Amino acid sequence: MNGHEIVYLDDVGLRLGNTIILREAKLSLGPGEKVGLLGPNGSGKTTLLRIIATLLQPTSGSGAVLGAEIGTQDVYEIRNRIVMVGHLPGLWPELTLGENTELVARLSGRSPEVAADALAQVGLARASERRADQSSKGMLRRAELARALILEPTLLLLDEAHAGLDAEAIGMVDTIANRVVAGGGAVMLVSHEPDRLNVHRSVQLVDGTLEMVS
Amino acid sequence: MTIVRNRWLEIVTVAIIGVSLFRSMTVVADVTQGDVQRIMYVHVPSAWLAFLAFMVTMVGSAAWLRTKDQRWDRLAASSAEIGVVFTGLAIVAGMIWAKPVWGQFWTWEPRLVTTALLFFIYLGYLALRRAVIDPVQRARRAAIMGIVAAVQIPIVYYSVNWWRSLHQPSSARSIDTPLRITLLLGVVAFTFAYAVLLRRRLELARLEEELDAKRFEQSQSVAGADITAPSLASHPHD
Amino acid sequence: MTFWRQVYEVARKDLLVESRTAEVALMTAPFGAAALILIPLAIGTDAPLLSQLGPGLYWIVVLLFGMLVILRKSAVDGQAQRDLVRLLGIEPAAAFAGATAATSALVLFFEVALGPILIALYNPELRGWPWLFVILPLVAIGMGLLGTIASGVTTSIGTRTSLTPLLIVPLSLPLLMGATQALEGLRLGRGIVPWLILLFAVDLALAVSGVLAARPLEEAVT
Amino acid sequence: MTFWRQVYEVARKDLLVESRTAEVALMTAPFGAAALILIPLAIGTDAPLLSQLGPGLYWIVVLLFGMLVILRKSAVDGQAQRDLVRLLGIEPAAAFAGATAATSALVLFFEVALGPILIALYNPELRGWPWLFVILPLVAIGMGLLGTIASGVTTSIGTRTSLTPLLIVPLSLPLLMGATQALEGLRLGRGIVPWLILLFAVDLALAVSGVLAARPLEEAVT
Amino acid sequence: MNGHEIVYLDDVGLRLGNTIILREAKLSLGPGEKVGLLGPNGSGKTTLLRIIATLLQPTSGSGAVLGAEIGTQDVYEIRNRIVMVGHLPGLWPELTLGENTELVARLSGRSPEVAADALAQVGLARASERRADQSSKGMLRRAELARALILEPTLLLLDEAHAGLDAEAIGMVDTIANRVVAGGGAVMLVSHEPDRLNVHRSVQLVDGTLEMVS
């Protein structure tokens, strides 16, 4: 670890109940890097992403994210620089798409206008009055990407990056990722289709450890 | 090996319980209540033990939060289990006693109400434990509940006490010396029994964990390895 | 963003979601009312008896059915929403305080909504009613605190609908005692200050526990 | 697959999921017991009064907290699970009957679990207790039917936790009347047959409505 | 309609609340056909699939599925010949993957062995003791495909057919679809990636109507 990495994991292991999910996962992600995370079903990609996002504590090993040692109280200080989009939509079903994005802006201390702007950028300006529970899968996914536009994170984590997005929307993933990278941040994208990832390099989860992909 | 090393405590416990039991049965009967009063030698020590056990649960909870050492969690859990059993025993013994003495199984005495609530508070604690699968998460949530519950208990106790300020003074101090000695002996015997039970329960919990660990080592595989290539895709056009 | 701003935004969010479903106003409160109406049918409709039991039953209904306020849909975030809030950098203590504020406000609403029904059906004595302006909020805050702590502990447990009440009810006894005895004290024209102190002490103890438990709890809930 | 086989498999599924969480046994029943302990603290602990009110309070607790049995996690399928069951060709009436059987069994368990606590705490008169073997199942079946119908109506509504009780409580009135009056009749040594007939009639009416409504209801719930 | 179609929709329209989702959708799917359903986010693909599965009744138009007129009671007779895999997993979270598949077999009157066999075929034999709520997205998806193996439907509907499946598992979609087709059934696959669909023809949802894709 040279102190400049955005994500640094050293021999991270995770055991949930009786199952080993990860063992000795090593990873280092520097500023400006865009890395793909590959691996078969059930190999632990989603879980690893949550560890990197400081939302799940590993059972062994050490690491640091944005300078904060994982498992310590320091993570509270850096969390607001991370955006993660997971399998399930992080939206309140009873609220409209507009209200949901506004909420993100408010809870992070930004002005509501930023939210409206972001929603327009992901092509949902006219659907902003639609409730989240009456929106399609792809609409929800777009609304989540709007979150990355509002928060301008230093670390962006996308699980199944292209899932549910149509041909028009899929380009946004690259655009948003490139913005983060250009701003000196890092991006990690999970996918089952390496060809669609425009990344510098990829790592693969095999048997609970991370391997380079050539 | 461990069992041999442990044996002294059990021998002492059995001996003390024996003496205590013998004394409980042979000590002069209570003047007013007669033989029924002998229930006291089970009832009072059980109640005392329940409190002791829940105190230990709180200590274990706090210590877990400080150290994150699973042993503390095992202590808290084991003690709570024993505590619930003995609370139940105190209640049942008390109720059996109450029927002849008070003419009914239950009255709304503060102490009774508090005991009953105590029972449910820790039943909830155990239900919470059972509902969480991951051991670390379970330990953390249970520790918080163990402490919040313990902090609340004095408040529960005093609120009920204020509510019925007409509570009868505990006659423990006014009873005859031989009876008091017997009672004391009972308390000591039950405390030893608690120590033995707790030790056994902890041992069991440790063994369970060891067994788990062994089973885990033998079949050690990473989660992802259990998902194999579909046998279906290998011959697509069957 | 300041701590209090975070508290405000979290409470605002909870109440916004609640306003969309209007669960407490449209469903929980009528349910509580229905319970108050049903009870006399089960225990007999002797007027003096009801007038005597009224306040006690009111508090029982507030406490036990207030549980539905705590369990309401808008108080339950899924894992994705929780992850989102955590990654927005909301301080766990602020999230706790915000959620408590929202729940307490709704419990207070519930209490106030049931009041007229109690008066109409049970005809209780109303001596010293201005004290209710102190008693009702104290109980509501206590319920809010207890509910938020218990909800926190049971977050993401499938059976939380059943588990949360079990955790809360035995611990809510001091609130029940304080509330019923304060009203009883008013009725008999006796002092009620000790009971107010009790309520206040409970609220304080719970608030301190909740704030202290906030970080460990948020780590437990993954 | 025959109709009854479908009923059996649906009930089996519900009870299997329930057994995994043990929600009723570990949480709802203790909660009901805790409620029975709290009520006297609020309304007064006068022994003869309690012995008189006891049966009424028991039914109130069974009815109102039986709601938690109805609302339990294992009774709630998401849209994906509902779609699955529908596409398996399960006849709606069979799905209804299976769900009712499972819920009724659990309510009966709840009733039986609370019985000893009532007897211990309230010391009610127990004349004619063998009749309970008829009364308890009749009420349990009624609750199961009512709960399954109401759950059906509120399926996929976000606020079902609050809405279902609101629908059930007023409708459970005949059950409450039948149950309390039957016990009262037993206590006074009077005939209870009319009340049993009432309970039976309610169950029958609900069963018929439920079976008839099963198809329209399942079409309404998309 | 010539009486032999498996799915036949004539000018089907759907309005939910104030929103028109479909209008005048026409579709005909014969035995042995495998058709792709394309369309941008929010165009109504998922909704259309549920109409075809007889789970949602259109507000206008008519049609028939497996010989049963939609909106009539006849659909109850043919439902057990349809399998649909949607966005969300049709599994009970508290039960293991094994119990979930067994449930499908039992509820459809088949023997539990069929279920174990199907689970093995999708590569989950060793994960059959894992609870659904402790399984990964792809594992759930595989368990759902096992349903198609157990039930051997005449009409198979897959929403986002390849979503969440890894490189190994993705071939299953074709295998299963081909089996249905070979047995004289019909398959409809929703996807955002037409290239990955091995279909005879595709239709596209545009503005609430179905258009052929060349």
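Side notes on the structure shown:
Think of it as A, B, C, D and E in the order they're written, each chain with its own count starting at 1.
Here is the rule we use: a residue touches a chain if its C-beta (ideal position, glycine included) is under 8 Å from a C-beta of that chain, and two chains touch if they have at least 3 such contacts.
Worth saying up front: this structure is predicted, and the values here are computed from it rather than measured.
Ranked by separation of Cα centres from chain B, the top chain is E.
The pair with more inter-chain C-beta contacts, choosing from B-D and D-E, is D-E. In whole angstrom, the spacing between the mean C-alpha positions of chain B and chain D is 33. As a whole-number value, the distance joining the C-alpha centres of chain D and chain E reads 37 Å. Annotation: 45 Å between the Cα-based centres of chain A and chain B. Centre-to-centre separation of chain B and chain E, using mean CA positions: 53 Å.
The residues of chain E that reach two or more other chains are 94, 127, 130, 134, 138-139, 142, 168-170, listed in rising order.
Multi-chain contact residues of chain B (touching two or more other chains): 113, 117, 120, 123-124, 127, 131, 133-134, 160, 163, 225-227. Listed for chain D are residues 21, 26-27, 30, 34, 41, 73, 158, each touching two or more other chains. Across the complex, chain B meets chain D through its residues 95, 104-108, 113, 116-117, 120, 123-124, 127, 130-131, 160, 163. Chain C meets chain B in the complex at residues 149, 152-154, 157-159, 163, 166-167, 169-171, 173-174, 177-178, 181, 194-195, 198, 201-202, 205-206, 209, 213, 216-217, 219-222. Chain E contributes residues 50, 53, 55-57, 73, 76, 79-80, 82-84, 86, 88-92, 94-95, 99, 103-104, 106-109, 147, 151 to its touches with chain D in the complex. On the side of chain E, the complex with chain B involves touching residues 120-127, 130, 134, 138-139, 142, 149, 168-172, 174-176, 178. Chain B meets chain E in the complex at residues 133, 225-233, 236-238.
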